[in-house]
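Two complexes follow with chain A in common, the first pairing it with chain B and the second with chain C.
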Partner chain A sequence: MTHPLWQSIPFFCILLPLGSAAVTTVLPGRIAKWWAAIALTVVTALSTVLMVIFGVTGAESYAYSMGHYPAPWGNEIRAGQLEAIAAHFFSLIMLLSLLGGMRKIDEHVTKSKHGLYYAVLLLLTAALMAQIYTNDIFTAYVFLEIMTISGCALISARNRGLNIVAATRYMIMNLLGSGLFLLGIILLYDLTGHLLMPNIQEAVRALHASGEYALPLNVVVALISVGLCVKSALFPFHTWVPDAYGYSTPTSSAVLSSLVSKGYIFLLIKIIYRVIGMDVMADTHIFNVLFVFALVGMVMGSLSAIRQSDIRRMIAFSSVAQIGYIYAGIGLGTDAGMMAAVFHMLSHAVCKSMLFLAAGGLADASGNSKQFRDLRGSGFRSPIAGVAFTVGALSMVGFPFLGGFSSKVNLAMAAAGHGGMRALLVLVFLAVSTALNTLYFLRTVITLYRKPAEGAQYSPERGRRGFCFNGALVLFICVNIGLGLFAPSIADAILTGLAQFA
Partner chain B sequence: MARMRKDYETSWWPRLRRWIDAGASPLDDALEKALDETREGHQVLSQEEAAEREERAEARQRLDRAREARMYARFREWRQQKGRRWANMLYRLLAVTVCLAIIWVLLETAAYLPPFGHADNPAHNEVSRRYIEDGMTETGAVNIVAGMILDYRAFDTLGESNVLFIAACAVIILLRLPDARDGSGHTAALLEAEADDRMYEPKNDAILQATARLLTPFILMFGLYVMFYGHISPGGGFSGGAIMGAGLILYLNAFGFKKAERFFTYTTFRVISVAALSFYAGSKAYSFFTGANGLHSFITPGTPGRIFSAGLIPYLNIAVGFVVCCTMYAFYTLFRKGDL
Partner chain C sequence: MNGLVNYEEMAAMILFGIGFTTLLLNPNLVKKIIGFSMMDSAVYLFLAAKGYITGRVAPIVVDSIQEMEHYINPIPAGLVLTGIVVSVSVTALMLALTVRLYRRYHTLNIDEITRMSKKEAEH
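Up next, the complex of A and B:
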């Protein structure tokens, strides 16, 4: 079977960063940096082309075999509208996070380890792309392992005691998640005899219809969902988040919070649609569990964020609340809910990485302190970071014309469409959580633009972060506004993509 | 001028403002100004009066402090003894309950699974049948496991060898001591740790050295054999690499870092793993691309059973083997002395 050349884009998006990662380790630091940036730029450009092709021509999704053997025997990847959108946003965020945090990486990571750091970023990109495009559940597990370990490397790259503690916590929770997920797919293989997603789904449908192996099937669904929830830091499993996101170098925080956790959620959505199937999933009542934890997380994350005095930890706790929004969308168990979840995944990813980078710049302009009392007036000392933070905060709060507004509207509409008790619960918790969001984000913005404390001296040149940082933040602001302005069409595209999924 | 409430400081509005101001009191500036101005019009107290007032205030403060201390002591006592004991007990109880519940659920699940090794199991389907029946002719590998992991499902194995590589990267990032390029990186503590580790090197244990001198070549040879014959007999890159890594670690233990560094340094590690992974990624990219697009590929299975057969499999086995070997050795030395 021959493919037109554009259909090979997913293949290049996986193999290019994977191949260039190994080379990066032997390059000297400066060259490694630009090598990684160029590779990521190429991946971003290719993903954009794929998204445009899907968007303009309305092409059907297609399978692409990785090797000479057809699908159930060999490996296979699959690309559709949703995959293309996710790949585009993920690679773009990866590139911008790298560019925006370059200087901080120079500062935080020991010089002899720069090559390794960029290699880890590239491998993470490859793993994310593979996670997005894979059509085989074991391939998903292999690349999930790469994501897990690269997360640990990203946290511990900044050589401080705090980071070691954070990395240890991260590793314990994430390995627990990986273990549960692996157990789930082993049992699933035992029950169905397949690893290819459509084949598993066929077998699961048959099992569900005949009522055979009902208990193991329930356990499989629970293990897979809980495993991925632990890894993506849903509320009761979020204890590693503030340390991991709060203490690592800004690029690492941005990438971990907006890409790594989202990769797991994307995999979960893929499993819900393409492996287990919506109807079987709904019959196991796992959606109720996710829904409850999501709602509690929406409020608890915000409450914890209010109590922080460190800007990075506050943003990290806000992530916990936002992950709750995503799972609330999934927990509705409808297509509209899934669409809201995917849209929020994108808008949160775009926004959170910008917030982390901007917070890094603001802290830099305030004598390297992340405490609110030292950040007073930093919006004037580092103007672009201040504007970026404000835009991000407004998006998080749900200001119109920004991504966060549309995702809240989507979630509310999905809940209203669902009706019943759940609609009420979602709307109430959404309102409470939004109010709390407003409280702590606007407080931060006000702090940024207040008069600095008496007698505080800040060296002005530390506020100037160079072309890459400013450029990355400006692009981030544009992407956020673009996501808000084109929200309806993106939402439509996501719905089409989800329809192709099923 | 409006009068300020006495408890203004503790009422909700100034507290909110303080919170927004990140801890600094909004009254700070005003107070500073007030202190600067000379206070006129205030009645000057006589020394006795002032002393008396001070004494009274001090007595009140002492009383307050004593009460506070008593309260804290009681609370601390409760927390450290009863409270902590309760919390610990509750924690242990919950942990055990949750673990037992999970164990019970998983055991129950295992009881419902298809019986082990039964011919009608779902896992015995057309997928495994093709691997077993046509594996040798299609891939050219007599060892069908090698055919499966390096040809049918080579993409997974590419990911898996990168898992090893990234694990090595993570350990290097975490443990490797800063080198000369990092300038001030060599702190006294790090150098001391390094010297400490080398002080007992080499161990000069006669039995160990004699055995290692005898065994190491054979272990390495066996590892290479397992790797090179991975497509013909049981074995392959992962097992061969592990054997070779074990041989290197034995040599290192017997003869010390100085001798091992003659042939294996950080540079060796980097060159070998980069070459192996680049070869794997490059050759497999070619194979994936031709396979997906139905193009002609110059890689052919060859005659099964010969050493140069099975297309890319022997070369991939060698690449994977070297990655595994280097990773094992790197882990060992990094945990020992923080460098390769």
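Up next, the complex of A and C:
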């Protein structure tokens, strides 16, 4: 079977970063940096082309057989509208995070290890692309572990005691998650005898209809969902988040908070639609469990964020709350809820990475301190970082014309469409969480533009962070505003993609 | 008695439980790694036990027997091998982290290490 050339794009999006990762390990740091930047640019460009092809021509989703072995034996890649959108945003964020944090990487990572840092970043990109595109559940597991390992390397790249401890705690929690996920897919393989997603779904539907193996099927659904929840740091499993995001170099924090956790959630959504099936999933009542944890997380994350005196830890705790929003959308158990979840995944990813980079710049302009009392007036010392942080904060709060506003509207509309008790719960928790968000984000923005404390001296040089940093932040601001302005058409595209999923 | 027929699967589940709890609750880093290895090996035991059918052989054609009923499916064994590679690399990474932590803090207790690292950062 032959494919048109554009259908090979997903394959190259996985292979190019994977191959580049191998090359950059032996290159000297400076060349490795530009190699990584160019490779990521190419992946972003290819993903954009794929997204445009799906968006404009309305092409059908397709399965791409690797090595030309037909379906039940060979390994497959699948691409559709939703995968193309996710790949586009994820690779763009990866590229911008790399550009924005380059100076900080030079500062934080040991000089001889620079090449390895970029290799890990590329490996992470490859794993992310493979998770988005794969049609095989065991391949998904392997790349999930690659993602976990490269995440650990990103945290521990900064050679301080705090970072190694954070990386260890991150690994422990993630290994528990992958253990559960692995057991889940192995049980599923035993039940169905297949590894490719469409074949499993066929078998699961037959099992569900006949009522055979109902209990093992429930166990499988629970193991897979809980495993992925643990890995993506849903509320009670978030204990490693503040240290891991708070202490690592800004690029690592940006990538971990906005991409790694989203990769797991994307996989979960893919499994819900393409492996287990929406109706079977709903019958197991797992959505109720996710829904409850999500709602508690939305409020608890924000409450913890208010208590922080360190800007990076505050943003990290805000991530916990935002993951709660995403799971609340999933927990509604409807297509509209799932659309709200995917949209919030994108808007949170775009926003959170910008906030982490901007916070890094602001701290740099304040004598390298991340405490609020030292950050006063840093918005004037590092103007572009200040504006970027303000835009990000407004988006998180839900200011109109920004991504965060549309995702809140989507979630509220999905809840209203669902009706009943759940609609009420979502709306109440959404209101409470938004109020709390406003409290701590606007407090931070006001701090940034207050007069500095008496007698504080900052060197203005450190505020100007160079072309890459400023350029990346300006692009991030544009993407945030673009996501807000084109929200309805993106939401439509996500819905089409979800329809192709089923 | 199902327990007598499926004793391998039962053993696998018990081992998984022991490994999981050790990884989650034991404060000693080396014991945590041992727990992790047990947890993953339990899954592979489960997979290997499920993949084997008594009386059949590995799918290598000797004596030109072509019937499918003579052989077992090789995929579970392939999955076990892939899984082992993954867990070996993760174990190596965890051990490397543990070595670095032990050199710095001279203890293996993760709670103690966390406390010491926070104190170190305050100074």
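Here are a few things to note about the model shown:
The rule we apply is simple: the second predicted complex is superposed on the first by the 502 of 502 C-alpha atoms of A that agree within 3 Å, B and C clash if a C-alpha of one lies under 4 Å from a C-alpha of the other, contacts with A are read in each partner's own complex, and residues count from 1 in each chain.
In this text, contacts are C-beta pairs under 8 Å (C-beta built on N, C-alpha and C of every residue); 3 or more make two chains touch, one makes a residue touch a chain.
Quantities reported herein were computed from a predicted structural model and do not represent experimental measurements.
Look at A:A502: by the touch rule set out above, it reaches neither chain B nor chain C.
In the superposed model, A:L162 lies in contact with chain C only, and not with chain B.
After overlaying the two complexes on the shared chain, residue contacts for A:V52 are found with neither chain B nor chain C. Contact comparison for chain A: of chain B and chain C, B touches the greater number of residues. In the superposition on chain A, contact of A:D190 is made with both chain B and chain C.
Once the two complexes are overlaid on the shared chain, A:L176 sits against chain C while remaining clear of chain B. Contacts of A:G74 after superposition: chain B is touched, whereas chain C is not reached. Contact with both chain B and chain C is seen for A:V142 once the two complexes are overlaid on the shared chain. By the document's definition of touching, both partners, chain B and chain C, reach A:C152. Common to the chain B and chain C interfaces on chain A are residues 138, 142, 145, 149, 152, 156, 164, 167, 183, 189-190. If you check the complex, the residues on chain A that touch chain C are 138, 141-142, 145, 148-149, 152, 156, 160-162, 164-165, 167-169, 171-172, 175-176, 179, 182-183, 186, 189-190, 195. Contacts from chain B toward chain A in the complex involve residues 19-24, 28-29, 32, 105-106, 108-109, 112-114, 121-128, 130-131, 138, 151-156, 158-160, 162-163, 165-167, 169-170, 172-174, 176, 178-179, 181-183, 185, 270-271, 273-274, 277-278, 281-282, 285, 287-295, 297. Put simply, chain A touches chain B in their complex at residues 1-3, 8, 11, 15, 18-19, 21-23, 25-26, 64-69, 72-75, 110-113, 116-117, 119-120, 123, 126-127, 130, 136, 138-139, 142-143, 145-146, 149-150, 152-153, 156-157, 164, 167, 183, 187, 189-194, 203, 213, 215-216, 219, 309, 371-373, 375-376, 443, 446-447, 450, 453-454.
Chain C meets chain A in the complex at residues 16, 19-20, 23-24, 29, 32, 36, 39-40, 43, 46-47, 50, 75-76, 79, 82-83, 86, 89-90, 93-94, 97-98, 100-101, 104-105, 110, 113-114, 116-118, 120-121.
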